[in-house]
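Chain lettering (A, B, C and D) follows the sequence in which the chains are written, and residue indices restart at 1 in each chain.
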Amino acid sequence: MTETLNAAVIGAGYWGPNLARNFRSAGDWNLAAVCDLDRARAARVAESVGGAPVTTDVDEVLDDPLVDAVAIATPTRTHHDLVCRALDAGKHVLVEKPLADARAAGTAMVAKARERGLVLMTDHTFCYTPVVQRIRELVADGTLGDLLYVDSARINLGLVQPDVDVFWDLAPHDLSILDYILPGGLEVATVAAHGADPLGTGKACIGYMSLPLAGGAIAHVQVNWLSPTKVRRMVIGGTHSTLVWDDLNPQQRLSVYDRGVELGREPGSHADARAAQVSYRLGDTWSPALPETEALAGVVTELAAAIREDRAPRTDGTAGLRVLAVLEATSRSLADNGTPAPLTTAVTAPSTAVAAAATVGA
Amino acid sequence: MTETLNAAVIGAGYWGPNLARNFRSAGDWNLAAVCDLDRARAARVAESVGGAPVTTDVDEVLDDPLVDAVAIATPTRTHHDLVCRALDAGKHVLVEKPLADARAAGTAMVAKARERGLVLMTDHTFCYTPVVQRIRELVADGTLGDLLYVDSARINLGLVQPDVDVFWDLAPHDLSILDYILPGGLEVATVAAHGADPLGTGKACIGYMSLPLAGGAIAHVQVNWLSPTKVRRMVIGGTHSTLVWDDLNPQQRLSVYDRGVELGREPGSHADARAAQVSYRLGDTWSPALPETEALAGVVTELAAAIREDRAPRTDGTAGLRVLAVLEATSRSLADNGTPAPLTTAVTAPSTAVAAAATVGA
Amino acid sequence: MTETLNAAVIGAGYWGPNLARNFRSAGDWNLAAVCDLDRARAARVAESVGGAPVTTDVDEVLDDPLVDAVAIATPTRTHHDLVCRALDAGKHVLVEKPLADARAAGTAMVAKARERGLVLMTDHTFCYTPVVQRIRELVADGTLGDLLYVDSARINLGLVQPDVDVFWDLAPHDLSILDYILPGGLEVATVAAHGADPLGTGKACIGYMSLPLAGGAIAHVQVNWLSPTKVRRMVIGGTHSTLVWDDLNPQQRLSVYDRGVELGREPGSHADARAAQVSYRLGDTWSPALPETEALAGVVTELAAAIREDRAPRTDGTAGLRVLAVLEATSRSLADNGTPAPLTTAVTAPSTAVAAAATVGA
Amino acid sequence: MTETLNAAVIGAGYWGPNLARNFRSAGDWNLAAVCDLDRARAARVAESVGGAPVTTDVDEVLDDPLVDAVAIATPTRTHHDLVCRALDAGKHVLVEKPLADARAAGTAMVAKARERGLVLMTDHTFCYTPVVQRIRELVADGTLGDLLYVDSARINLGLVQPDVDVFWDLAPHDLSILDYILPGGLEVATVAAHGADPLGTGKACIGYMSLPLAGGAIAHVQVNWLSPTKVRRMVIGGTHSTLVWDDLNPQQRLSVYDRGVELGREPGSHADARAAQVSYRLGDTWSPALPETEALAGVVTELAAAIREDRAPRTDGTAGLRVLAVLEATSRSLADNGTPAPLTTAVTAPSTAVAAAATVGA
């Protein structure tokens, strides 16, 4: 018989209530505590999900031998300290994205989790939506063919954040999705970032990122805090078909265009000859039916499964680290007026992540 | 009484028939000749518009004292030679975009037209559509407020061209429109371009351009030959309102969102304080009714007016030159892996263009 | 100082929780009780809104002198009995639509409320949405000009209801909105209804209603339980402009087309001459910004105001009665294969409703 | 070897030029003449298609032994006389819709064609569009399952016609399509029509038609001259899937929703039991790729094929007659305030049409 696991939520701000609600309603989990420096805020969250123990003391949570895992939904700059303390206390950890505010910190967190044989999962929530699950399948099963480009746009009037620019605020969504759906994960060598701050807020409010992918393909991410028209759209072009995800169109969220462009690849022929062999194909369009399930329910289920099966979760710490590496390079490119910035140190690839997973619980 | 002007069309390929038809039907013009190396092709064009003299000899056209203007719709690499010969023969010239295949050539053409006191007009057709005319007004009359960003996307399955990449093929449209609607014309200091050639055709088939604008704003252009979903959309964000032009939605081609984002600009306050003063405003949306007129009819009318009034046409040679300068810098940035490329030599600004215009016919 | 009013919710099924939540969160109201024959169901509703007294005994509620008003959300066939008992107990009443299952019953309820000087309000929730409020204003202030037609469609896969057909299930929404926005309320002389039951369920699952309006205009309502594509759209055409309400497009829920058709009305001219004078006008389109407020909050606020000001609420009992009269005639037309059915007995008009209101609390 | 057929176009108004152009460019046909009472008008049409003999004398056309077929595009009230004269002269006939202005006239025309063994084809152009061809296939091959309903809307600002109401002007399109795609053709027993004339033009400018179909299904047609928003949409609901044709969305003209509603049909169970067995199914949506071909090219090709193969064309005279019968009943229902009107005399069914075809050329 499977025993119920105990989870504590640390941080009762914007995202904490959603975590608490999903731990409360999941069959795998018992909500053991809600922890926040502001007791009233913690209490409101606990009450809103039907009641749970409340504390303002993180150590009380970490010292509790019954707590199996903690979910950390505090400001990014506090992640490194809290995650390391939790791992040192022997707890599995689910942490909000981005994993940390610096790559070195993230690397240390991943290393510590590996040493301790504990699960470190990044809450890349979007990866657990039915639409992203389906996109991953369509890429993996060859429906799209070879990837040509990925265009992602995340645009709308958003608050100018006090501590981060628009890249660090919005692009983690796009990057975590790319990491999840690209066959080899988010493995890029360089990033070029262009930003604009036309209102003089002291940080980029509009941003564009270009990420050359393997095989000559390219990923492009567009983020914008200053637009009154909301856009959440990703287009993935492949040689066999092209996929359009329009998250604001619930009636037809995902469309697959069975149209493509192919190139005869005769051995030895040079580029001009190949250009002449480009052919276009127009086929049907279809929109798969998608279930209506909450992504965060999938997150807590995956966390439980990873713990029980002694394996790395999908969207583990190294996934968070890959996103972080791109964000850091983005900031460097931005500081260098858009000159492409290399991701100097190699980031642990997904395959290594699986190897790391093998040590979990060993 | 106004005398009818005589125009000859040189080049009877893709665009020539449209030019011939519009000269034929315009009150200002008489279609004096259609010229093409392929006599049968020239004859077909002449017949399709109801008849006109046909020739395979450019000199015959240029030597004809009755011909006031020639419209040149031949491959880009031939523009410089043909335009210069036409100007030397004392003809006013309308030339297809891009103006030339190199900036130096374009500069020489503009200089020669100025010396000769003749009109040199670039056929930036899109600028004469009712929607672009209206956008120019909305920018100029302050409806949008200060510009924050311009996002332009021109995407669909297009033929891989034998001699140019996707930037030179498609971006002239976007750049000529930007030149027409931006208050100061297309005055940019640098361009960063990122391209991809995932099919190995030997040239970029997917491209992104970032152009920092005055006042911290940014323009971004996205062009793509490999997408089965057609997109022709431009978004212009301003402090007062935002404009969306969706050229594929004839029922609502242009939308103006009376929503914006503003920043208190207290003197002496630093950026963080200003960020805290950002305010959002949500108002109505409206779509102006637009007349259904053919853009090319406006082109030939403007050409006639410029000739008669001894003035520079809107979209004169210097407009073509500004577009050309950006395209050249784009190619340099592309060759340098996306490092922003400066537009080293200053390009004649619109104000200078007006000055040049003053000399026309002098 | 305004005293808080006490409300009890009777019926804890589909709609009861929403009523309970809104009474709970409204400043005007205290939620005094949740009553349902199924105690567990009542308890769940009470708990979900943060706690409230629970009972299975309606008399307990009606005998409680502290209760000012009851909201009745039970099956339609029970409305007459429960509303009458509540009115006899001196309670103001908010009742779900339709008002009753027969017009005679509804008439008796309205009469009893008038006699007792109590508020009887029909919960025509849609009338309290920001979009319908705005439509009412646009009709009333002459923006649309003279009404020409109203087309309403309410279509999607819905459960085949055990006790009512698609007209009684869905059309009350459309009819209550029409009653609210038409200048004279839903005053129609005849209804023609056409239904279809292609699955042999024993009742109409697809329905069309035609309602001739004053001045030669027409209203048409289309309801359908069997369509996989959801439609909730109302088009109102007027001589000055036309309005489209697409409730499934949150980005542009309401559009006003400043286009119209007008007819010269020269005195004495006959129809043919007038036809020749028809003129079309094409102007801008605009979409008003609408606040995001919950309609039911407006319902309970209006109920409190009507009680305190001794007046009829908007959407009072007579509004419910006008809807009921159309539904009854619809059933008669349906039974007569679509032959238009007269609304034989005159229904109390809105003006009379106001008169009735004057007696409230007298 | 197949001999080219000779066609003459009679009537050079709105539709004549399209007929002339398609006869001119079809491999099957030679354009033998353009005939119009207004010689200049006929000449303009002939010139616009590259030249053809012109005449003002119908007899000249009918007496010409080389002319195989005539296409009649004159006002509806002249169809009967011209078609009968052409048939008497031994010509095959293509006639614009509606077939005639009265059913008796149409019946006589069909009878005469049968007697003479000549092809009489109604120009139901829409039936030859790729989208309608595909819809017919999807109905016929069972993709939709049993039909539940057809909803057709044809709405936009249109001229108030001098001689016909909105039903006779616009509904022939919808009715001819229904006749083409419904398995048994447009076989209806009654029609109920509701119209409105809010501008006092003396004829219906807004109209709704309900047509009960076999098996409990229903067709509904909505036509409107007074709306500024253009709509051309047909929805066909079936037990297996539902089809939406939005003719104004060229990017996704036809969508098939693989969703449906089914009812267990246990023998002996009464309606209530069956209602409880209704089940819903949500599947993918798809949009077939459609070729871009001109419908009228298909019309003239089918005319040639019917003549050569001695068979009835698709959309033969009896198809026109079925449409006419519905229009006549529509006018009767309208005159009777919307009371459903029977199509008293049986109209020749498609099967009979085939029988009739067998006599062609005999």
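Going forward, contacts are C-beta pairs under 8 Å (C-beta built on N, C-alpha and C of every residue); 3 or more make two chains touch, one makes a residue touch a chain.
Model, not experiment: these values are computed from the prediction.
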Comparison of B-D and A-D by number of C-beta pairs in contact, larger one: A-D
Farthest chain (mean CA position) relative to subunit A: D
Centre-of-Cα separation between subunit D and subunit C, whole angstrom: 41
Centre-to-centre distance between subunit D and subunit B (centres being mean Cα positions), rounded to whole Å: 45
CA centroid of subunit A to CA centroid of subunit D, Å: 55
Sites on subunit B at which at least two other chains make contact: 229, 259, 282
Subunit C-facing residues of subunit B, complex: 252, 258-259, 282-289
List of subunit B residues in touch with subunit D within their complex: 229-230, 248, 251
Touching residues on subunit B, where the partner in the complex is subunit A: 146-149, 151, 157, 159-160, 162, 190, 192, 194-203, 206, 208, 210, 212, 215-218, 220, 222, 224-229, 235, 237, 239, 241-242, 244, 257, 259-263, 265, 270-272, 274-276, 278, 280, 282, 337-340
